[in-house]
Amino acid sequence: MSVVLSGIAKSYGAVKAIEDIDLTVEAGEVVGVLGDNGAGKSTLMKILAGATAPDAGTIMVDGETYNFANSSAARDAGIAMLYQDLALCDDMSVVHNIFLGREITNRFGFLRYGAMRKRAQEIVNSFSVRPFDVRTPSGHLSGGQRQVSALARTTAFGSRYIILDEPTSALSPSARDEVLAIVRDLADQGIGIIMVSHDLGHVRKVCDRVAILHLGRMAGIRNMAETSQDEIISLIVQGHA
Amino acid sequence: QTVPDAAKERGYLLLPELHEMLPAERDAMTAFMGKVQAAAVTSEKTYDKPLKVALMFPSLETSDAWARLNLSIRARMEEMGVPFEIVEYMVKPDEHDRQGAQVEQILASDFDYVVIGPTEYQVQKSNIARLSAEVPTLVMNVVNPFVDLLGTANQPITHVGFDHTIGAEELCRWTIAETGGEGKIALLRYIPGLIDSQRSDHFAKCVEDNSNLQIVDHFEANGDRELSFSGANALLSRHPDIKMLHAASTAIALGALAAATERGVLDDVIINGWGGGADELKSIMDGGLKVTAFRVNDDWGTAVAEAIRAHAEGQPVPVVLAATIKALDYRLTPEQITTETDYAFRYSGKLDR
Amino acid sequence: MTPATDNMSSADERRAALLGETGWRATMPPLLGPTQVPLAAPIAMLAIIAVGMALAAPNFFAVGNLRAIALDASLIMLLGIGMTAVITARGIDLSIGAILTLSSVAFAAALKDFGLPLWVSIFVGLTVGALCGLFNGLLITRLRMPDFIVTLSSELVFRGLALVYAGGGVFFGFPEVITFLGRGRVMGVPMPLIIALTLVVVAHCIFAYHRVGMRLHAVGGNPTAAKRLGISVTGYRVGVYVFMGIIAAIGGIILTGRLDAVVASGAVTILLNTVAAVIVGGTHLFGGRGSIIGTLLGAWLLATITNAVVMLGFEAFWQHVAAGAVILITIALYSRRNTRAEE
Amino acid sequence: MTPATDNMSSADERRAALLGETGWRATMPPLLGPTQVPLAAPIAMLAIIAVGMALAAPNFFAVGNLRAIALDASLIMLLGIGMTAVITARGIDLSIGAILTLSSVAFAAALKDFGLPLWVSIFVGLTVGALCGLFNGLLITRLRMPDFIVTLSSELVFRGLALVYAGGGVFFGFPEVITFLGRGRVMGVPMPLIIALTLVVVAHCIFAYHRVGMRLHAVGGNPTAAKRLGISVTGYRVGVYVFMGIIAAIGGIILTGRLDAVVASGAVTILLNTVAAVIVGGTHLFGGRGSIIGTLLGAWLLATITNAVVMLGFEAFWQHVAAGAVILITIALYSRRNTRAEE
Amino acid sequence: MSVVLSGIAKSYGAVKAIEDIDLTVEAGEVVGVLGDNGAGKSTLMKILAGATAPDAGTIMVDGETYNFANSSAARDAGIAMLYQDLALCDDMSVVHNIFLGREITNRFGFLRYGAMRKRAQEIVNSFSVRPFDVRTPSGHLSGGQRQVSALARTTAFGSRYIILDEPTSALSPSARDEVLAIVRDLADQGIGIIMVSHDLGHVRKVCDRVAILHLGRMAGIRNMAETSQDEIISLIVQGHA
């Protein structure tokens, strides 16, 4: 049970965003993806989530090779992603945002709003120190509240692999700890998680392995237990230890 | 009386067909128009309240004729001493449905008379019929009674306007004489519909049937000045040897004239006006337009006023009242033209500057 | 109780309070659907006009006059349903007048020139409307062309085609079923109003309480997000144009019935009225927020204005000015409210 | 050299390279201004039409015909300058036809009814245009009403006022200066073209290379950001409408000269042509990206289309269809390019 | 030389975002603002930067009382801000973005593009490990590159007080360190800095004092030297130590 990326490449015009990337994520493990700004982390994640098409390379999920045409293909293959820009509809309430695309409906497709609201509030309550009303339009939320909403959506529907692009960057320390605990928890339930982060402390706390990108190439993959902060930093900055 | 087959098929009668069928109508109309052309006669009748008239315009934007109509109806009513009150209804030329809603609105109020300028004659037929059944109704700008409404309760009391086909024939006759019946003509058309057909198609058929003149091109100018300018230019480029650009309205004539003037081909191409507003006449005098189908405009409004009065005072009204339309051209002296306009605009006066 | 526990428990209490709410207030979806749309402005304006007219022109409330307004409103409302969907999905359709015309011409031609049975002809008309919408939708989504310019150009194309077929001619004399749809009444209520209101109710339920409506809002509000969540943004965008095309064709048939005639030159200004009604009704011009109920109110308001300016005896030319002014005032009221809510 | 230093120095080298570039390529601002606008599509389309017409209708290249196209193009271009500014600032002005009309009526009335001197009358015309723009701008910014609906309604208001004053009447017989502006020539080049091109050059310099143009792009591209950076978003937004009003008034005077007449109706199609020209020219309908040069090309293309469909002998109603199709094809080319760049 | 906020309050409808906030920032010091998600940090910063009007309270800058009508009034008073959402025009190049509102022009107002480009590239070079071309439209940049651009803009024009709303959240570790160094540097030049952050490590590195908001109220202000991580966290989470 694993996701296997091999030989992935993607250019934007003259800019080679990523080149020749191999990466494997097993079910139940948390893999951190690190790298300098512009190293290609988000690009790689978008490819894995089906949001961008790679120029080259293959994606295998649980033994089957996929060629994701769009993100719903990736979701059907069991991969969900929390985007760096959160992807919320600001005019809609948090309830609607969380359930968008996976609405709870009666058999004619009409929304079961009460059920959605209840479930959404439960999820949000479980994350946040200062809980907020899920009926609020997401445009009225604070930065962190927005991140909580988006995270709630990503984790709510039992995907087998979850990609988190900087899930903690806008969260307060206490909310961060909760999120990291949730991440660990999800992994323990057998979900494979890829987490992009700039915070070595967080990566260290939850990740089993780290992959470091440098100038669009894979600079190295390390087991957390067998590497040091210094090695990681030099991989990020120089591309080699 | 037998309705000609052509009219049955068409659904409405041309004026000559009507007068052929009912010769008495021709005399009645001539007599009535005599009254229209004469000075106003003060009414003897005492009205206990003003006549409430709904005036339905299919847009006032296309030329000054509608504005003059409005002014001359009011002025003649006043001269005759008939108390009245007018409510104006306006739609854009394409708002067929809104005119329908206005009919609904009028039927809901207490009008004594309705004067309707249909957006498109055939389209408003059912509305005209419904109005006629409940309120004395005058149809303006169309002089072609519907065959199947004739003699029914749904027939309007009269149709008042100009016979555009007569205008087309006047222009046709003039064109053949002027050109010697040889050469190419292109049409700049008005908004598609009955009026355009009576002006453009009738003219085209007339010249082609009666001479060697050839209609070589059409441009869909939609009654728009700027579009006519572009279209006229393109036609002049495509047919450098063209004899005439037939303009189906004042706005179109203005656009075409500007194109010809700018190109400096004004002397080689005949451009006509349609309607004969003061602007067209001035242009004729200045050596721009060569000819126009001139409407004796205030006779139109006067006829509306006289028809209302006649009906209100229990006198008969002919089924159709067609005011005179005739070709005026560049050969006329300014004095002759002034004579024509002094009469034709006797109520509406100087609208232009 | 220490402040600490006080504080902690207050957060917990808040959690419980947020979660614990039951009863209809918690289970009923928001009345107007996934997004909030301010309706106070059109309602206020309608009320003001009603009171004003009651004082100034009592005839305004005559049954016949109300029916006249209803007739006007029902067409705008009908087309407004489609336009609300299009605008909510972040589109705009400027070709509805031409679609309406082309599909009526197709219907009339099928019936009169090809002698097809009535129901088949209606089907032909609706199909032509749907195809026009499909044409717009595919250009917009597949070639990623801006809606505005696509529909501006396709207006030329569709109207041109209608004119090519029909010229300046008029089709008239339609079966009674059709004229009944256009001008019949059931217990005094005009058929077009019945049709429009029925569609409004159905459309509102879908728009506000159905999965499809919710996703439509998302497609307009944040297309990137919608796409990432597996919603077929392209499908929805094409869908609203096809829907709009069918609605325009229905409008064409009702109009045919009302006038008992079809011309290729009509229905240009209906576009402005429809768009104005949708926006007056609070739907957000840039997508993501819309309300069918708002459009209903907007249509009613627009029809009322045109009626009222005549009833008040405005001269023809002033009628333009007055109508423009009332729309401006209504939107001004609405925008103020809107601004306050957003600040 | 170890890989480490290699890598470090490569970043340093890159820094130096990025910084070190000198010469005109580094100091010249981008030709089209702060944002990138694809111009290949209108150029390609113009080329295709030119080649096609050379083969199919040699008369097309007659001096007289080119001049005719130039006259058409110059009016669209002129109005397009204003519209490009408005759209780039994330607005739209649908009332330009009415502003053009109302300001010409004001000009003609000042000259003929009030007997004011020519230059004063021109000033009156331009002032009325500016005031109309101010009216639009203030409603849009102060009351935060959507541009689309404000200008849709003010079109009714302005045109109504023009009609109220002028009735159905026509003003004609204008001084030679005016007709010279409208249809005169200098060394064979039509005056309107000279005026329009002069304004295009000035406008392009401001739009692309001046602080004002840069800020205008920001106001349209990200109003919140612009506001935070101390740019008077309101000022710019009002400004573009006033500018548009003045431009429309200039257009009105040129048109008056061309026809030697003023009518209160008319100037309806000009709006569609202007907006189409601006969008065909690559200006982004939702603001932030615009090009005066693009509009120049777009105007030329649109004027050419109307001419070409006649020259090719399309039948009357097919002319509509053909014109719509050419616009669609041009935008399709453009949109493809655009999409590729953005993906 | 200081900015003094006193009695600031702001509500959004029924939500009291902040209430009764007093805070002083001296020239040359770095004050960290901490607090849970939704605690009101961004709201307070927007008020200080003139982007939002407070419901109550006064702002004094260098002894003068201000009532900022908009952000340019605040800028004129010497206060600049880096917003959490960055406020970039995506269609415009980084050069244009950096100089927007403060263009280098000749005396007729025409842009001196060459000079702007050079300066912009210098600033960006000084921040970023993987430098990027400042002629790129900002819509094409990675998350961190965007943050670098926005930061460059905020610090480029010599304001006396600078507000940074989570300036490091999207940056790679090395870029972070550079930014923090720049912050310290600016403070040493006598600029007063307010920095909102969720990262206690960063706050500890550069801040002289910290102010902690809790549920919209000021929970406490501490000198960095005299407080502990535990105290701060309990202020964030519980509102008191």
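We call the chains A, B, C, D and E, going by the order they appear; numbering starts again at 1 in every chain.
Going forward, contacts are C-beta pairs under 8 Å (C-beta built on N, C-alpha and C of every residue); 3 or more make two chains touch, one makes a residue touch a chain.
On a predicted model such as this, the values are computed, not experimentally measured, just so you know.
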On the document's contact criterion, could you list the chains that touch subunit B and likewise touch subunit C? D
Taking CA centroids for every chain, report which one is farthest away from subunit E. B
Can you give the whole-Å distance between the Cα centres of subunit B and subunit D? 38
Distance from the CA centroid of subunit A to that of subunit B, rounded to the nearest Å? 74
Measuring centre to centre with CA averages, how many angstrom lie between subunit C and subunit E? 45
Residue ranges of subunit C touching at least 2 other chains are 163, 167, 315, 317, 319
Of all residues in subunit B, the ones touching two or more other chains: 60, 220
Residue numbers in subunit A touching 2 or more other chains? 129-130, 132
Subunit E contacts subunit A in the complex at 12, 15, 34-39, 42, 84, 128-130, 132, 140-145, 147-148, 166, 169-176, 198-201, 215, 233, 236-237
Name, in rising order, each residue of subunit D that touches subunit C in their complex. 139, 143-146, 148-150, 152-157, 159-161, 163-164, 167, 272, 275-276, 279-280, 285-286, 315-325, 327-328, 331-332, 335-336, 338-339
Residues of subunit B touching subunit C in the complex: 11, 57, 60, 70, 87-90, 92-98, 100-105, 107-110, 119-120, 122-127, 191-194, 196-197, 220
Touching subunit E in the complex, subunit D uses residues 11, 14-15, 18-19, 26-30, 34-36, 205, 209-212, 214-215, 217-218, 221-222, 224-232, 284, 288-289
Subunit B touches which residues of subunit C in the complex? 59, 62-69, 71-72, 75, 97, 163, 167-168, 170, 172, 179, 183, 255, 258-261, 263-270, 303, 306-307, 310-311, 313-317, 319
